[in-house]
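See structure below.
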Amino acid sequence: MSARLEIDRVETAYGNVRVLKGVSLDVAPGEFVALLGSSGCGKTTLLRTIAGFLSATAGEIRVGGRDISAEPPDKRGMAMVFQSYALWPHMTVAQNVGYGLRLKKWPREKIAARVDEILAMLKLDGLGARNVAQLSGGQRQRVALGRALAVDPAILLLDEPLSNLDARIREDVRHEIKALQKNLGITAIHVTHDREEAMVMADRIVILDAGQIAQVGPPETIYNAPNSPFVAAFMGATNVVRLSASRSGDSIDIAEGPGNRATVLRKAAPAGFERGELVAHFRSEAAELADGAARDAGALMLPGRIVQASYPGGIWRYSVAVGDSQYMVDDPDRRDIGAAVAVRVPADALHLYPAAMSRN
Amino acid sequence: MGPSRNVSILLIVPALLVVAVLFVYPLGFSLVGAFQDKQSAWTLANFGRAWELYRLDTAFTLVIIFVSCLLIALFSIAIGGYLTLGESRVAKAILGFVYRWPLFIPFIVAAQCMRTFLARNGTMNMTLVYFGIIDLESAQSFLDWRGIVLTFVWKQTPFVALMVAGAMGGLDRSTIEAARNLGASRLRILVEILVPQVSRTLAVGLVLSFVTMMSVLSVPLMLSGQSPSMLTVNMAWRINSVGDYGTANALGFVSYLMTGFAAWFYLRHGLREKGAQ
Amino acid sequence: MGPSRNVSILLIVPALLVVAVLFVYPLGFSLVGAFQDKQSAWTLANFGRAWELYRLDTAFTLVIIFVSCLLIALFSIAIGGYLTLGESRVAKAILGFVYRWPLFIPFIVAAQCMRTFLARNGTMNMTLVYFGIIDLESAQSFLDWRGIVLTFVWKQTPFVALMVAGAMGGLDRSTIEAARNLGASRLRILVEILVPQVSRTLAVGLVLSFVTMMSVLSVPLMLSGQSPSMLTVNMAWRINSVGDYGTANALGFVSYLMTGFAAWFYLRHGLREKGAQ
Amino acid sequence: MSARLEIDRVETAYGNVRVLKGVSLDVAPGEFVALLGSSGCGKTTLLRTIAGFLSATAGEIRVGGRDISAEPPDKRGMAMVFQSYALWPHMTVAQNVGYGLRLKKWPREKIAARVDEILAMLKLDGLGARNVAQLSGGQRQRVALGRALAVDPAILLLDEPLSNLDARIREDVRHEIKALQKNLGITAIHVTHDREEAMVMADRIVILDAGQIAQVGPPETIYNAPNSPFVAAFMGATNVVRLSASRSGDSIDIAEGPGNRATVLRKAAPAGFERGELVAHFRSEAAELADGAARDAGALMLPGRIVQASYPGGIWRYSVAVGDSQYMVDDPDRRDIGAAVAVRVPADALHLYPAAMSRN
C-alpha cells in the first residue's frame, strides 16, 4: 500500500517564529524522499507538520488527493519512526509492535500472527518476549520500524532513525531500510542531516535552507549540479574562489586574479551571465596538485604553498595557502609542507555562480 | 590497593557508628520498651492492652490511610496527566500554579481551615444551602473520617502530583507521540503509556504520604474528636494524659509495622526496577 | 485553530474551578476568619490576642525551625557528599542503607522514641553514665527545644539527603573528575563543585521540611510540655481546650505567612533557575 | 613543556573483568598518539588508567622516567578533556579556565592574566564573563581545552573530545587542536572511535582490540599495511575473499575458486606462507568493475552480478553478488542492476593473511 503525498505551500510557525515559509513538494507513490539540511533548517518541522504533530498555519497537505491538514495524526495513514526509537520500556518487543493493532481492536490471535510476520521480516524472530531494554541499538531501531510498519501505513515517516547507531551498523541498516521500503512499495519521507545517508538511500533529495526548499532532485543531480552556492557548499564543495570572468561563446574567459592564473574554461556560463564576478565552488577530491610552475590552459590553476598535510586514507589531504585563502586538496602523492604547488581544478569540477548569489 | 582500602574503612567506622547510633538506637530502644513493663520486665501486656482498647482504631487508621492513598493516587495521576498531555496552555498554567499551594500549608492550618469549612454550619454547607442544592435540615457535619480523608488528600495530593508530574515531564515525549501517531486516545496514553513508566515514582510518593499520614496528630485530633480515632491520637492520649508509656510504645510498634510494610514495599520495588535494567 | 482552542479552554473551566474551589477556598475562608470576631464583624483583636499571648512562642518557633533547617542542610550535604565522593564501597552501602530509615518512622513514633532516649534518666544519659563520660548528678533532661530540634533533624535529614544524594548522583560524573584531575580535594569538590550544582534541590528539600516542621503537632506536644511552646501546640490548645477559633485562625495566619515566605523563596529560586537557562 | 610517557605491561580490571590485558606503549615528548578501537576495546579504560581515575592491577606507567602508577590524578602532570566537556555550569568561562590555577593558589591577578592569555589563544576573547550554558558546542569544547591547558600539563589526555560536535564544526576543530598541540609541543593521547579523525590528527595510531594492542604505527602504515584481518576490516577493508594459493618466488599463484578466476599476483606472500588458504581483504574504493567476461592476468577477478546501486557522490557504489558472497565496489560509471560484471582487485589493493589468522 502506498500513496501520493502532496505538500502545497505549507507554512508552519512556533509561536511568532515562522519556521516553514511556504514549502511545496510532490511525492510519488512508492518514492523515497530525503529531507536534508543542517540543524534549524526546518526539516524536522516539515516532517512533524506532515505527521500532524504540528499544524500548518497555511497551505494544504494531501494524501491520495484528500486534504488531511486538519486530521489528527492517527487519521493520516502515516506511521513515524522516531530518532530516539520511542519504544515503550514497560512493554515487550511483541507488545510494542502490536500496540497499534490493539488500538485498532484487532483480535488477539490476528495481532500475534501479524507481529510474528513483522518480526520475521525484520530478522527479529524469537525476540518477541524480550524486554526492549535488553536489545542492542540496531535491534531497537528495527523494533521501532516494525511498530510503524505493523499498522500497514500508506506513508512511512523517518525522523533521523539512524543517527543514534554506531557507524558500522548504520551502513547495514541503511541498505536494509531501503530494500524493505522498495519491497513493500511504501512511500517514505526521511529526515537526515547526513549527506551520504541521504545520497545512498533516497530516490530524490530535498535540500532545505531556512524554511524553504533550496533544491530538489535525484542524488546525482544535487551532487553534480547544485543550483546555488549554498547547496554546493552543503554538498561538500567548500573551497571557494572569486573570479573575474566574461562569457565567450561556449567558454568562459577567466582573468588573472589575486589567487588564480588566467585561463579559458570550456564550460557553459551561468544563465544570463555575460561579464563580471563569479564565485567558484569545488570539492577537495575533484582538484589535484601540480608543480608550482605548471600551466594548464583548460583548468583553473591556483598557485600557492602547502601549509598542512594529513592522511585520511588512500590519498593525502593538503591545506594549500593561496593569497589570503586556504584550500583543501586531495592528492595521491606525499608532498612536503612548505612546497610550492598549484591547485589544479578541471573545468567540469567547478560550480560557478554569479557573485550576487553568494551570501558572503 | 588492598591494605589502604581496609585502612580507609577503619577510618570511616566511627562515623558510621555515630550515624547508626543516632539514627537507629533511639528507635530500637523505644521498640524494646513496647515489650517491657514499668519495671523493665519482659511482657506482652502492652500489646494486650493496645489490642483490647485500640483494635478498632487500628483498623480505622488503616482504612482511612488506604482510602486516602487511593484518592491521592487518582488525583495526582489526573493532575500530572493533564499537565503532560493537556493542550490548552492557559489551563495548564493555571493548574500548574494552583495545585501545589497546599504543599505550603502546614497540616495544622489545613486542619483548622477544614474545620471551618466542613462543620455542620460550616462554609461548605452554607454555600450549598445558598445555591439551593441542599436544605439546612439535611446538612450534616463532615467532621469525622470523611473530613480526615479530605484533609489528607487535600494536603498530600500536591506532593505526589509534584513528583508524578515531574517524572511524566521527564519522559521522552516521543514515546507519547508514537502512541498518538498510532491512534491512542489521551486517556489510553495516560493509562497505558504514562502511568506504567512513572509507577515507581508514584509508589515512592504514596509510601512517603502513607508515612506522613501515619505521623500527623493535628488532623485527626482537630477534625474528629469522637471515637473511633486514629492511632496518633491514642498515642498522644496515652502519654500526655495517662502517662502509660508501655501501651504508647506498643501502639508505636504497630504504627512502625505498618510503615515498615510500606518501606519494604518501597525497597522491594526499587530493587526489582534495578534488577530489570 | 483559534476558535477550537477557545472552546477547549471553556470546556476545561469547570474542572479548573473545582480545583480552585477545593484547593483554595477552604484556605481563604479560614484566613478571613482570622480577621473576624465571633459575630463575623471585622476586627484585628485576634491578632492582638495572638501577639500578647504568643509573640514569644512565634519567635521560639522560628528559631527552632531555622536551626533545624541549618542542621538538616549540613547533614544532608554530608551524607549526599559521602555517597557521591566516598571511595569505600562497603561504607557507602552501609550509609546508604541506614540513613533513610527515619523516613519511614512516623513523627509520633519518633517523638515517643526521643522521649525515652532524651529524658533525664533516659537511655542517652544512662549510656553516657555507664561509660563514665558524665556522672548521674550532672545529667540533664534534653526534653526541651533541644529535643525538638534533634527530633526534627533526625526525621527530616533523610528526606532532604535523599533528594540531595539523588541530585548529586544525577550529575555528570566527569564534572567531578575534571576537578579531581586539576587537584581539588574532596571537601573542595563537595563545596565548590557539587553543592552549587544541587543548590536548587537542596532549597526545595529545605522549604518542604520547613513546612513539615511547621505542621507537626506531636513532636513539640510530647517533647516539650513547658513554655515556651511552638505555634502548633498553641493552635491545638486554642481550639480543643479554649474553643477560641479566632485566635487559632490568627495563629494559623502567622504560620501561613511564614511558610508563604518559604514558598515565595522556592518559587523565586525556581524562576531564576529557569531564567538562567 | 612535554614529557615522555611509557606504558609498561599495564593491566586494569573492573571487578573481576580484566579489561586491559597487558598494554605496552612508548610515547615520545610532543607526540600525538590516537587510541582507536570500537566500543568495549579498552581504549577509554587505558586513558583513564593513564589519568589515574582507574588504578592498574599490574604494570607501570612512567612519565619522564618516573613511575607514577601510585600517584593521584593531579600529581601526574596530566590534564584531561572530557567527552561531555564536563564544564561546571555554575561558573563563568573564566572561572572554569582558572579553577586549576586557583587550586594551585596562584594570586588573583596572575590567574586573570593567564586566563586572558588562554582565551586569546583559543579565540574566546571577551567571553570570560559568559555563563558556559550560553556557549555553542564548539565554544564549550574550546573552554574545556583551555581549562586543561591553563595548568600547563606535560601530557594532554583527550577522551573523544569531538564526538558531541556537529560534523562540519568537527573538521575545523580537528585542525585547530592538532595545530595547537604542535605549537605548544605538548604530548597528547587521544581516544576516538572515528577512523578518519585518528588518521587526520595523530602522528601514530594505536589500534586496540579486546584489551590488547592490535597494531601501532603511523596512519599510512596502518591504512596500507594492516597486520591482521581485524585491523584490515577496522580500517575499512571489509570485503573478504577466501583464496586457495601457493607461493611461487616473488608471486602468488591463485587457483580458481568458487568466486574467483585463477591468477598470478605479483606480490610478496605473507611471511612463512607456502601453500594453503589465504584470506584477502580489500576496500570498495580500491577495486573497480570490469566487463563480466574481462580477464586480467595480474589482478584478482571476481565475476558476478550487480544487485544494488547507490550514488554516495562522485562515484557509484555497487553491491555485487559473487557466488554466496556480496562485495561493495566503487565505480565511476553508471551501470544497471542485474548486469554481469567482474570485480577487479589490483594486486597491491589486496591485504592477504593466512586463513588461520581470521576469526571467522
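Letters are used for the chains, namely A, B, C and D, taken in the order the chains are written, and counting of residues starts over at 1 for each.
Rule of thumb we're sticking to: a residue touches a chain if its C-beta (ideal position, glycine included) is under 8 Å from a C-beta of that chain, and two chains touch if they have at least 3 such contacts.
Please read all numbers here as calculations on a predicted model, not as lab measurements.
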item: Best-connected chain pair, where connection means C-beta pairs in contact; value: B-C
item: Where subunit A and subunit C are represented by their mean Cα positions, the distance between them in whole Å; value: 56
item: Chain centre separation in whole Å, for subunit D relative to subunit A (CA means); value: 26
item: Chain contact graph, described as a line, ring, star, complete graph or other shape; value: ring
item: Interchain pairs in contact, sorted by label; value: A-B, A-D, B-C, C-D
item: Subunit D to subunit C touching residues, read off their complex; value: 51, 53, 72-75, 78-80, 82-84, 86-90, 99-100, 103-104, 131, 133, 147, 151
item: Residues of subunit C that touch subunit B when the two form their complex; value: 5, 8-9, 12-13, 16, 19-20, 22-27, 29-30, 33, 86-88, 90-91, 94-95, 98-99, 101-110, 112-117, 123, 154, 159, 207-208, 211-212, 214-218, 221-222, 225, 232, 235-236, 239-240, 245, 248-249, 252, 255-256, 259-260, 262-263, 266
item: Subunit D - residues contacting subunit A, complex; value: 38-39, 166-168, 175, 178-179, 193-196, 199-201, 219-220, 223, 235-236, 283, 285-286, 308, 310-314, 317, 319
item: Sites on subunit B touched by subunit A in the complex; value: 172, 174-175, 177-184, 188, 193, 196-197, 276-277
